[in-house]
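Input: a single structure, listed below in structure tokens.
Labels run A, B, C and D following the written order; every chain starts at residue 1.
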Amino acid sequence: MIIVMEASATRREIEAVCAKLVQEGFSVHLSEGVARTIIGVIGDRTRAMGLALEAMPGVEKAIPVLNPFKLVSREFRQENTIVSINGRVLGGNEVHLIAGPCSVESREQLLETAWAVKEAGATLLRGGAFKPRTSPYSFQGLEEAGLEILAEARERTGLPVVTEVVDPRFVSLVGSYADVLQIGARNMQNYFLLKEVAKVKKPVLLKRGPSATVEEWLMAAEYIMLGGNDQIILCERGIRTFETFTRNTLDLSAVPVVKRLSHLPVIVDPSHGTGKWWLVQPMAQAAIAAGADGLMVEVHPDPGEALSDGKQSLTPENFRNLVASVKEIAVAVGRRLSNTVAGEQLPK
Amino acid sequence: MIIVMEASATRREIEAVCAKLVQEGFSVHLSEGVARTIIGVIGDRTRAMGLALEAMPGVEKAIPVLNPFKLVSREFRQENTIVSINGRVLGGNEVHLIAGPCSVESREQLLETAWAVKEAGATLLRGGAFKPRTSPYSFQGLEEAGLEILAEARERTGLPVVTEVVDPRFVSLVGSYADVLQIGARNMQNYFLLKEVAKVKKPVLLKRGPSATVEEWLMAAEYIMLGGNDQIILCERGIRTFETFTRNTLDLSAVPVVKRLSHLPVIVDPSHGTGKWWLVQPMAQAAIAAGADGLMVEVHPDPGEALSDGKQSLTPENFRNLVASVKEIAVAVGRRLSNTVAGEQLPK
Amino acid sequence: MIIVMEASATRREIEAVCAKLVQEGFSVHLSEGVARTIIGVIGDRTRAMGLALEAMPGVEKAIPVLNPFKLVSREFRQENTIVSINGRVLGGNEVHLIAGPCSVESREQLLETAWAVKEAGATLLRGGAFKPRTSPYSFQGLEEAGLEILAEARERTGLPVVTEVVDPRFVSLVGSYADVLQIGARNMQNYFLLKEVAKVKKPVLLKRGPSATVEEWLMAAEYIMLGGNDQIILCERGIRTFETFTRNTLDLSAVPVVKRLSHLPVIVDPSHGTGKWWLVQPMAQAAIAAGADGLMVEVHPDPGEALSDGKQSLTPENFRNLVASVKEIAVAVGRRLSNTVAGEQLPK
Amino acid sequence: MIIVMEASATRREIEAVCAKLVQEGFSVHLSEGVARTIIGVIGDRTRAMGLALEAMPGVEKAIPVLNPFKLVSREFRQENTIVSINGRVLGGNEVHLIAGPCSVESREQLLETAWAVKEAGATLLRGGAFKPRTSPYSFQGLEEAGLEILAEARERTGLPVVTEVVDPRFVSLVGSYADVLQIGARNMQNYFLLKEVAKVKKPVLLKRGPSATVEEWLMAAEYIMLGGNDQIILCERGIRTFETFTRNTLDLSAVPVVKRLSHLPVIVDPSHGTGKWWLVQPMAQAAIAAGADGLMVEVHPDPGEALSDGKQSLTPENFRNLVASVKEIAVAVGRRLSNTVAGEQLPK
């Protein structure tokens, strides 16, 4: 960390800052420039940033030099983390497609979708049972009944299940049904929930918050990894900007940024990232071209009848088209779609 | 709601949309313009928006006409809601000052601050016991021990206590100590937490999320009011923008906007809203000039030693200066600072 | 356009709005809902939005139904516009690569770069002679001397030249050297400059402003097309958001959005869009996968010595790698890189 | 400036960076921490930032330590700059009100408004003759005829005139009529225009760009001051954020921030800053409470008939109410409204 003193800082003020740092166990490195005195702080960044140095007289600002995350950083672990999901591996050379409806609405709707996405090439099934909705008047999800339907779909299709957990009280319940626990965008900084999912021996899919920087997103992952769980899949799903034509602004540059800063795999959700079904395929293609390890796509047998997010959901037919085009892109970047379940023979 | 059909929409597509609406119990009103057919939908907006009409063939967009919130709207209740906090009333002509440290760090620190802010003119005491921190390596709060210290400070100074609840599991615990339950900015859309605080018979202070529109903020309040609790204080604390000089961009226009759209009282937190102690006083003045019903300000006996948010904390002396200047502004807008506790004689 | 009246609007206020509309030549369509009266306005949107209806008593809001742009819209022209640049065509099936240094710094620097990018596969040469710089202390460009160097590079390499015009006074000067006139992001809403370039018989490359919506961007293009010039290439180059790790947030969804709303071709600038050279290749790949008609990339023979934008510039070697990977992506989406100049024999 | 080397940077890379800096005339200061080597650069920041050090191998990032602006900084000039406008002074203890219509529409409209705002307490008259409009189909201003009407209004009412200049070619024309040259928000980074107005011996009112940081805004002012003109009035008018209820988000914290960083006066435009007439008065009050040196407010005799910005324009009556309330706030913060013209007797 670097402390920049004000131009008008007195000798006494400079000394007070240095004294405090030394007392806290840091080494200091004084550099007197033409216009400013600068204090280099050598030691643990996290602890240094915890000191309220900017509140001390004469201090203009404290500038961090190192990234605040440790365990999730590429420096901590050089090789890519591979996440294991019921025998499937995400984070290696193969690209995974997670597909399914926004919400589990009924047994029929989910099973129909699950078979359709599996046949099209999806390797994991998504579906929401507990739904965080902006309006209290909107459909709130089937809750535990939805989890049961998801479990049945897994048994029948063989597709592992990804579903959201929204409340620390439900972590063990959701964990008893799901193969991957999803933390939704609006809960990315719900640290008490993060601490709970860290304790579960299941992979966690951590969505980026709509106003979270990449650094804050990785800090949320740090909570989970510090809690003992390194099976984390990051998911870019768009950030909130001034542009309102799309529901969010899908920040695909986050994919190569995360790849450089961290060893964790990263996937993209072009459904929430755009909010319009006709944008899902081009942005899915772009996501894979940018290096994403997978996609998470909303598919509904009849989007016009969906109880949530219909306008961003693909029909099964559109999803098949997406898979075909994404397959080509994957090859173009030297990867291939996972077909873990392709050869399996499961009763319909 | 208005449905705008695409220029290329067929007669059959238009009829399908109308038929669906009629089947769902809405009246429709067809208007054929030069370039587009427009379908006016008469009936409950909330239900209409729940239909995935934009996923139907030929539909360009669905435009809501009414606000999505009901109970918290000014149309539902004309007069201002008055929130009662242990005999103090917020939302009327008097302006309240909530002050105290970001975190409860120790008994001494909190009691010293509590007495100082009370003597300066604060009418409520703030202090965090459970802290949502961006970094898992930062101080996470004293938790229940902090609540006990807050309760002791209330008994000694007579100041009601505002403290944050971060997890549905702790609502009854925090509720047993606090006079006002605070929902932090990052939990504004933690709907399961909102449903829990709605059940408690205590006022709720609901901070605006860093990327929440005013409409989404009021929808979060709608969850609480629909759950049976109308004792809600809204708190503007800055939104996230591209400007990084300040920690957030304090959106003071939200104050008169909320006053027009809703009957709920609204206060401002210039500490989080700016992130710099020297900006707190001018923005506190501006907040009251814009019509805020109160302020929430971080005060620490020694900001340079604070375990969190030191650089945005005022010293007790700076807080006294703030109170003096805010008092003048309140008078200029025809209001006055609350002095509910001024005449009380309480043992130190 | 739809006029939503306030719940409290009186009969007289509703009639006044209708009377004004009728007087201005519009048809009105009154719809009295449960909570609001809504007035449908039939006629030219542009003129209707020009009326200050929201300033009339009783009006809550005026909601546009149609897009505000006409000539640049897909409805006005169904087929894609093809832009001709000295015999090359942009906007068809072939993907173009525009490459070169941020600034023309010297004859040697530009010629070296021009040959390098041509050999790698670029079909157009970029280079700035007039530079809009945030700091008055930064290198401001070689101005006319730079234009002469660009012209020489074109003669030698055969690559048409794209360069920025920043001031209406220089339009004819820059137009006498350049093959494509670039309007920079910060001038996207410099309407007097747009009107001048509309008069020139040269293609215009119109960058999206850092805080412009897609709609505003298309409105800027509308100025040029209304002025008589339909040879417009749109260029997405990132928008300003709260994320500071990247220089801008590259909004790749703008590519398919523009393709749907407009007939104009759209390219992507991943150099300004990210601000970091190591992000340029993955985002270039993603841009083509999203459907872009071309790329604009900064290349410098020695980025560490560049007078501007060195950190986002590729070396010639990195540019060759980019071309190789982008070529694969183009094929994967059913297109191919333009090789207009590949077979030409030009003296070095 | 501080150069942070990558963890993997080699000795040779570190030496190359140091060598380059020394060669360019800087002193370097090497600090080897646990995780990183950091190079402190002593010398002129502007020149150091011009070096493309981040493009050199092994460099992770370059962090500026000093602000990039010089002449406009508080360090360069301790005391407040006072701007003189035809005998009126702005930037001292008195608060100025600039009022008038968005556009000059006719002689009658402007004269009526000018008298009305003067009688209410305005000390300067605003009105647009050249209008930068988002749509080419909107009213584009009366141009020179509008300037003549403004000049007549000045002669009759004695109010100095503020009007926008949008094009370098019109600077001398506009300068021959106006008392203050306004640079609109969308031209804040039109550096060639800034250089032209710097040469005129008239005060310049520089609006903040909708996506400009305070630092960039001050850099735009630096262009003008470096060009020889220090008579600059900064004007906050709202920034673009995700919130769409208001036209822009008025960033009032920019007022005390500018006051601390710079010696230039700063005023606020609550009309563009909110986009709704009923928000203008509360935000005008807040602006003065935050320390603004003045206000710029749109007033129209009949907002419902305005050719531009009707919905954010005040009627003369509402403007009188605004003046009355702002007067109280000014007193509360130890200032007073300017009444320079109050005692003058001018023929109607």
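Going forward, a contact is a pair of C-beta atoms (placed from the backbone, for glycine too) under 8 Å apart; a residue touches a chain by one contact, two chains touch by 3 or more.
Treat the numbers as computed from the prediction; the structure is a model and nothing was measured.
Colleague: Which chain has its C-alpha centre farthest away from the C-alpha centre of chain D?
Modeller: Most remote chain from chain D, centroid-wise, comes out as A.
Colleague: Quick check: more C-beta contact pairs in A-D or C-D?
Modeller: Most C-beta pairs in contact, of the two: C-D.
Colleague: I'd like to verify one number: the distance from the centre of chain B to the centre of chain D, where each centre is the average of its C-alpha atoms, in whole angstrom.
Modeller: 31
Colleague: Just the number, please: Cα centre separation of chain A and chain D in whole Å.
Modeller: 40
Colleague: Measuring from the mean C-alpha position of chain C to the mean C-alpha position of chain D, what distance in angstrom results?
Modeller: Here the centre of chain D sits 27 Å away from the centre of chain C.
Colleague: Give me the residues of chain B that touch two or more other chains.
Modeller: 211, 240-242, 244
Colleague: Quick check on the complex: what are the chain D residues that touch chain A?
Modeller: Where chain D meets chain A, its residues are 2, 4, 7, 29, 31, 33-36, 38, 40, 42-43, 63, 65-66, 75, 240-242, 244.
Colleague: Okay, in this complex, where on chain D does chain B touch?
Modeller: For chain D paired with chain B, touching residues are 211, 213-215, 239, 241-246, 249-253, 255-257, 260, 273-274, 278-279, 282-283, 285-291, 325, 328-329, 331-333.
Colleague: Tell me, which parts of chain C touch chain D in their complex?
Modeller: Residues of chain C touching chain D: 20, 46-47, 49-50, 52-57, 68, 130, 132-139, 166-169, 186-187, 189-193, 209-211, 216, 219, 222-223, 226, 240, 277, 303-307, 309-311, 313.
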